[in-house]
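After this come two complexes, each holding subunit A, first together with subunit B and then together with subunit C.
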Partner chain A sequence: MTLMHKHTLKTAQLIAAGVAAMLALSGCSAGGSIQPEAGAKQVKGGTVSYGHQQEPACVFGGWIEQAYLSYQVLDNLVSLDDNHTIVPWLAETWQASDDQLTWTFTLKEGVSFTDGTPVNAEAIAYNFDYWAAGGNSTAAVWLGGYYESAEALDELTVQVNLAKPYPLFAENLTQAYFGIQSKQALETRTEEENCASPIGSGAFTVGEWNRGENIELLRNDDYTSPPANARHDGAAYVEKVDWKFISDATTRVSALRAGEADAIYDVPAIEWAGIGEQGYDQLKYVTPGRPQQISFNTARGIFTDENLRKAFVYSLDRESIVDTIGKGVIPYEGNGAVSRTTPGYSEKAADAYSFDLEKANQLLDAAGWTERDDDGYRVKDGKRLDVLFPYSGGTIINADGASILQGVQQQAKAAGFNVDLIPIPPSAAASGKYSGVDGYDISVGYWTSVNAGIQYINWRQNLPESPNNWNSAFYNDPQLEDIIVRANSAADLDEQNALYAEAQEYIADRALSVGLYDRLSTLAVNPHLKDVWQESAQGGPVFHDAYFVE
Partner chain B sequence: MTGVLERTVAPVQRRRRVRVGFLASAVTIGVFLAAAVTPHVLAPSDPFTMDFTRALQSPSLAHWFGTDESGRDLFSRVIYGARESLAIGVGAAGLGVLVALVLGSIAALAGRILAGIVNRVIEVLFAFPTLLLALLLVSILGSSPLTLVIAVGLGSAPGYARMVRGQILSSKNSGYVEAARALGHARFTIFRRHILPNALRPLIAIFTMGVGQSIVWASGMAFIGLGVAPPSPEWGALLDAGRAYITQASWLIVLPGFVIVVLALAATTLGKHIQSSLEKGDA
Partner chain C sequence: MTRTLSSRPADAATAARRPILSPRVRRIVEKLVAAAVVLWGAATAAFLAQIALPGDRATTILNVRSGQTQLRTPEELASINAEYGLQNPILVQYLDYVGGLLRGDLGVSYQQHRPVWGIISEQVGATLTLTAVTLVLAWVLMIFWVTLTAGRGTKIRALGSGVDTVTAGLPPYWLGILLLLVFALGLGWFPVIGGTGVDGIVLPALTLAIPLAGFMGQATRTEFERSLTAPFIITARMRGMSDLNIRLRHVLRHAILPAVTLSGWAIGATISGAVIVESLFTRPGIGSVLITAVDSQDLPVVTGVVVLVAATYVVANLLVDLAYTVIDPRMRNS
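Our next item is the complex of A and B:
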């Protein structure tokens, strides 16, 4: 073989390898239909390989990624069904006193935690105190201002005492942040042990956790306490869930197509239609609560001026950006306070602002930002109209969201805003960089919730005697807080929704926060895996009812 | 007969191939430099202007490299990205050579203890993975072009430093340095006039090749999210942004990747030609 031939062969091999790599990357496969044959029968056991986006620090905690995991392991007192009705889980019945200050839960009999200890009233009361003391950060903020104490009246009856009436109390308990853990485990095991493998009474237990790779969830063979909205009683059908962490969306989709994953979470908008055409089952849940929204720092900087906030909002054609990037999968959301799937949603607040560049320019001119520099950015008294806009890339904001934010940056430029868009890596976010009143001019993010009571968390005043770190606009207004508190305590549903809507419109009128898009929880599932569903409180995947067919 | 003819023609062909290679790489580098200096002349549109009606269009006469998810013209973004990418490449290679020169000189000329310490430092740096160093720097300094320059520059320095040390050691023991010493020249003068120029000469070629290599490294780091933030058209950032669309719009990653390969190839070819010319000069 001549040198030239050798060279040509080597080049050809390289090209072939490159093409093969490209094909592998693009997920092309020579396989036929992925649909199971008609009449395919249920297979016993098996391992579900599930590709999830983010890996939390603990199985249990105050972040939704933790809630999705802990839902598999811990049972709640109550569950939320598809009709937004609260149904029994560990609690068979519950009742609020006439003044809504005392809630009594009666538990199922004979339920045990996986460490053998009983799920009794004492354990439930202990969990309430544990949450309120910060054992779960999100549970703590939900209970804050309302929870007073919990006591076991007898083996199976627990009473929770509230400081203020809260008719939505039981509904809030359907979120996985309120997953019940073994009292013995919380008392005797280290924080690290409970973080890595909390002991609950759920359908699965935590097996091995290979950090950076996967968590094995093992079937609890003695499971007796599924929620009333589960599709079957008893233990899970599958033996194991291999909960893999695949942060890159393209890799997740490729894993599904290659058959390495039976189900994946957070399907990119651009892949959604193709995945459906290929025959994969698709589940989409528009998360209620605070949508992906931008809130303005009202305590420092240019956005202390309401007109500048409004100018910024008018400069954006948010719907157009979201529709293009979201490919019809990600819904546009105009409301900054709550998303469209939240009870008590206000259309009026959602429609408060539409794209109007002329109006944006008028407001900026009126505020004295009349000059422009060579790059087209507005200048006043020698100072440029700079906007510091950090966002948590890859965690709070996924790839689609990052593209939407670039659209915001570009459109605001036309009005003369110089938006400094800074993706914050998880390490910097964890260290608190770009947080606090000096950390940003605009913040972006969501907060899932089952109801509009989330406004209490996001807008309650941040006062020295009652700090609220979750008020990202740093907006302290007793009038707004009063509307929300009255809504939370309103016994009549119509009155409650009207007050929640009033709060949303109050927020929109002052341009404190505006919506961008609704946060989604999407799943794509191989049709050989049946009965994976999304729970209704937060949209997490449920594998207790899942089974394979062959 | 044929064998004689082949032997006669081969050197001519080789020289012609050499000239073609040199010219092609020089022209390629020239085009990229022009793009970096006057991108507005070469780019058909603004690299940041979004046109949602033209999102994700495949390459065509109107958009040579297609458009991205926001309808931005990819060819214009590649052209405008040349400045930042080249600046990172030149900066990182320059920093690498500079650090190498300092470390290599000390390792070759200092006393036994200091030289020993610097040699160990070079070895430790050599064994330290560049990616790990980059991660460390990004977590301390935040991701930015400067961080990339520092990470890639420091990552490449140990290799160059060994080369500089070897070059200085061989110059230090050469006849002309002996002669300069015999003539009573000061140590610093000998270093400046005789040793440094000889050590620097191969570094010119190394630097040219290093530019291409640094761009590839920096792009690789940007690809995994350790580089310049979007919407910058820096080439690695383009690769990173295109990754999400690889199955539906492969041009977003293939074409910027191709451009990086072409530049790296041109810089390496040019560097090799410079190296070969310098070696001939030595001979």
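Our next item is the complex of A and C:
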């Protein structure tokens, strides 16, 4: 008995000591300044450890996550600078004919792809046909309805023929979907090779891709063709970019804080202020184009009624939801057609609706939705005011975005809407199950673009002879399409912007789509790494100019 | 001669009673047939589940490639349907698929454009390593904790089984975040981004091993405490054996059979279920491959991984059967 007792005591002490040690250890934390000393000097070479969120299946493709990656490897014909001016990249000069139907690009001399073949007019023309044929699905959408053919006039001059005038044509080519690849590589390599390591003339080449972990970008030592808005000529300063895929936001931020990542993408709103106070450099880019917006199904269901659409919008205090969740990092966006950083943005369209519960209730009463059930939802002829609202979580809508949508659901309830908010997995979202006219009452999503021409994609009519499944409101209106087409073709910039604004107001007046928040591309960078910047077409990170200081 | 003759009838009688195959061979053949049936069933179930998913597969492939979610026109879908034979009747697609499996051809990924074998073989090493380390850690933790606390005074016993219950129920994501913040970010003992390095495996494996240890501990503890009071233990004590020795050499052997069974299950579960840990610690592995493939309806990859996991279950259960006979010799003849 004595023996047993002694034993128990010993064991108890052991356990207590273990618990105490655990507690003591967890109390420790990392500290110290992360700032480089004043007068720290640039060091040569080095590897940038960059933590990105999503891993695409291929480097090049029509998804923004692919654009961010392919931008490092491929050069475009032209680039967009901070002032939204088109500047030379592979093309030194470009010109549209007077009728805007013929575009001529003159290439830089002596540029080669990393497989040794020349960047010449023939290769450029080949790339245009390749995109239009679906080689890049998003590029194909932009070219659709406008692009006819491309031909090499001589070694360095390429001519592109359009079906309709399109003054913004060159501007659209600044998006990484239009990255130029080696013709030889496209013709002779396997699909698998061109997927995993496309051959361009860019600042980096694709090294090893450890799926699920990282992709190595190796410096192209012979790089001669940075865009005119790059901060230096010639090859990149760093030898390598270790582009890691860190899907979990906590891990990403922890990796930055632990010094394992020099830069990370998509900082959660809740961490933004803290990261800044700790001395990390922060970069924020509001993507132009379609913002995170909701569009109503105008072809089927309750929202075919304009007044019900308006009632729904009036029931929402969108600004307060976004400010609460976004903590001042995510900007509120009232405009449903284009975001605030898009040229031709209409403030009037953005301010068309503000929170007015009384008005929402009046509109609903007037529409006959007068009764309420025990849960407070409105009922008419025994039918509840249900709103089917699926969203694609994790890909199109991130965690902050999902919280904002929950706020929408809560607020609409006060007016009597029963919003059925359904997070759908990527496969269901992509399968088209929730995309047809029966798939939703409200759809949510963004589409980045460098100009308000995105409205042509989102609002062109969906007709049997010219289908347009990107019209997510199912709103076929020749008048709206006409305004947008005239805007696209307007030669004078002011006239163009006025027409684009008119289209935005047309959309707002009818409550076809309203904005929620602007889609962001954010970076946090360790101050030992200088001159990382975000390109202006889509907000992707640029590492060509980046260098370490010590 | 006479001797030989006289012995013959006896031999013949034995031969007549003996089946064509020896019991041992027969058992192996039976196991192999059962394994093949399990694999075929898993492959078929995975195929049918993919076919039954809502929406159109060609649309999914195209939308995933472009990060979009809308419907597609027949013209857009034509090339994809033709490339992967998606316009064929389901039966034809199924036979193509099973035929491929029989030839050892798992097909080509819709999204990565490369053979599924390549994708799996590239990722399986990391997963198997994680599984093995998890299992070892779980066993070490479990044996340590059970031996330390089982059959002691009331308070320690309560603490022991209390900790088992709590750890068994810990959500891996929460536990992983906690370990990451304390041991990687706070103390800097391990890297935040695990990767495939040796020091990178500790936290991911612990995240999986702690709940597993609790789970196995619950199963082991009851048996352990029952054995402690068994007559042969009292005999051993009377022989003057130390308490620790008795616990480790005699009691444990009796008590661990349930945990061995659970380990067989855990091997399979870790391979397919490690995805949370893989994503948290940025480890490559079959789990994340499976999730990505399911998200993009990349059927060849999904079915390939399912067949692999099924094969692992089969092998793990064979190993468990084998382990039984080693641990408890009485089972050899049963």
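Quick note on the criterion: the second predicted complex is superposed on the first by the 520 of 550 C-alpha atoms of A that agree within 3 Å, B and C clash if a C-alpha of one lies under 4 Å from a C-alpha of the other, contacts with A are read in each partner's own complex, and residues count from 1 in each chain.
Just so it is clear, contacts are C-beta pairs under 8 Å (C-beta built on N, C-alpha and C of every residue); 3 or more make two chains touch, one makes a residue touch a chain.
Note that this is a predicted model, so its numbers are computed, not measured.
Have a look at where A:P425 lands relative to subunit B and subunit C in the superposition and call it first, second, both or neither.
After superposing on A, A:P425 lies in contact with both subunit B and subunit C.
In the overlaid three-chain picture, which partner chain does A:E271 touch, first (subunit B) or second (subunit C), both, or neither?
Only subunit B; A:E271 stays clear of subunit C.
What is the contact status of A:S70 with respect to subunit B (first) and subunit C (second): first, second, both, or neither?
Touch partners of A:S70: none, neither subunit B nor subunit C.
Give the label of whichever partner, subunit B or subunit C, reaches more residues of subunit A.
C
After superposition on the shared chain, which partner residues are touched by A:A249: those of subunit B (first), subunit C (second), both, or neither?
first
Pick one for A:T324: touches subunit B only (first), subunit C only (second), both, or neither.
first
In the overlaid three-chain picture, which partner chain does A:A402 touch, first (subunit B) or second (subunit C), both, or neither?
Only subunit B; A:A402 stays clear of subunit C.
Please indicate which partner A:S435 is in contact with in the superposed arrangement: first for subunit B, second for subunit C, both, or neither.
second
Can A:G134 be said to touch subunit B (first), subunit C (second), both, or neither?
second
Would you sort A:G393 into first (subunit B), second (subunit C), both or neither based on which partner it touches?
first
Which subunit A residues come up in both lists, the one for subunit B and the one for subunit C?
25-26, 248, 250, 254, 425, 427-428
Help me check something: in the complex, which residues belonging to subunit C touch subunit A?
My answer: residues 53-57, 59-60, 62-73, 76, 79, 109, 111-114, 119, 122-123, 148-149, 152-153, 155-156, 159, 177, 180-188, 191-193, 195-196, 243, 278-285, 288-289, 292, 294-297.
Given the complex with subunit C, which residues does subunit A contribute to the contact?
These residues of subunit A touch subunit C: 4-5, 7-8, 11-12, 14-15, 25-26, 28-30, 51, 55, 57-58, 61-66, 134, 137-138, 190-192, 195-196, 210-214, 244-248, 250-251, 254-255, 257-258, 260-261, 392, 395-396, 425-436, 445, 467, 469-470, 472.
Could you please specify the touching residues of subunit A with respect to subunit B in the complex?
Touch list, subunit A to subunit B: 22, 25-27, 248-250, 253-254, 268, 270-271, 274, 320-321, 323-325, 393-394, 399-400, 402-403, 406-407, 409-411, 413, 421-423, 425, 427-428.
Tell me, which parts of subunit B touch subunit A in their complex?
Per the stated touch rule, the residues are 48-50, 52, 55-56, 69-71, 138-139, 142-143, 225, 229-231, 241, 243-250, 254.
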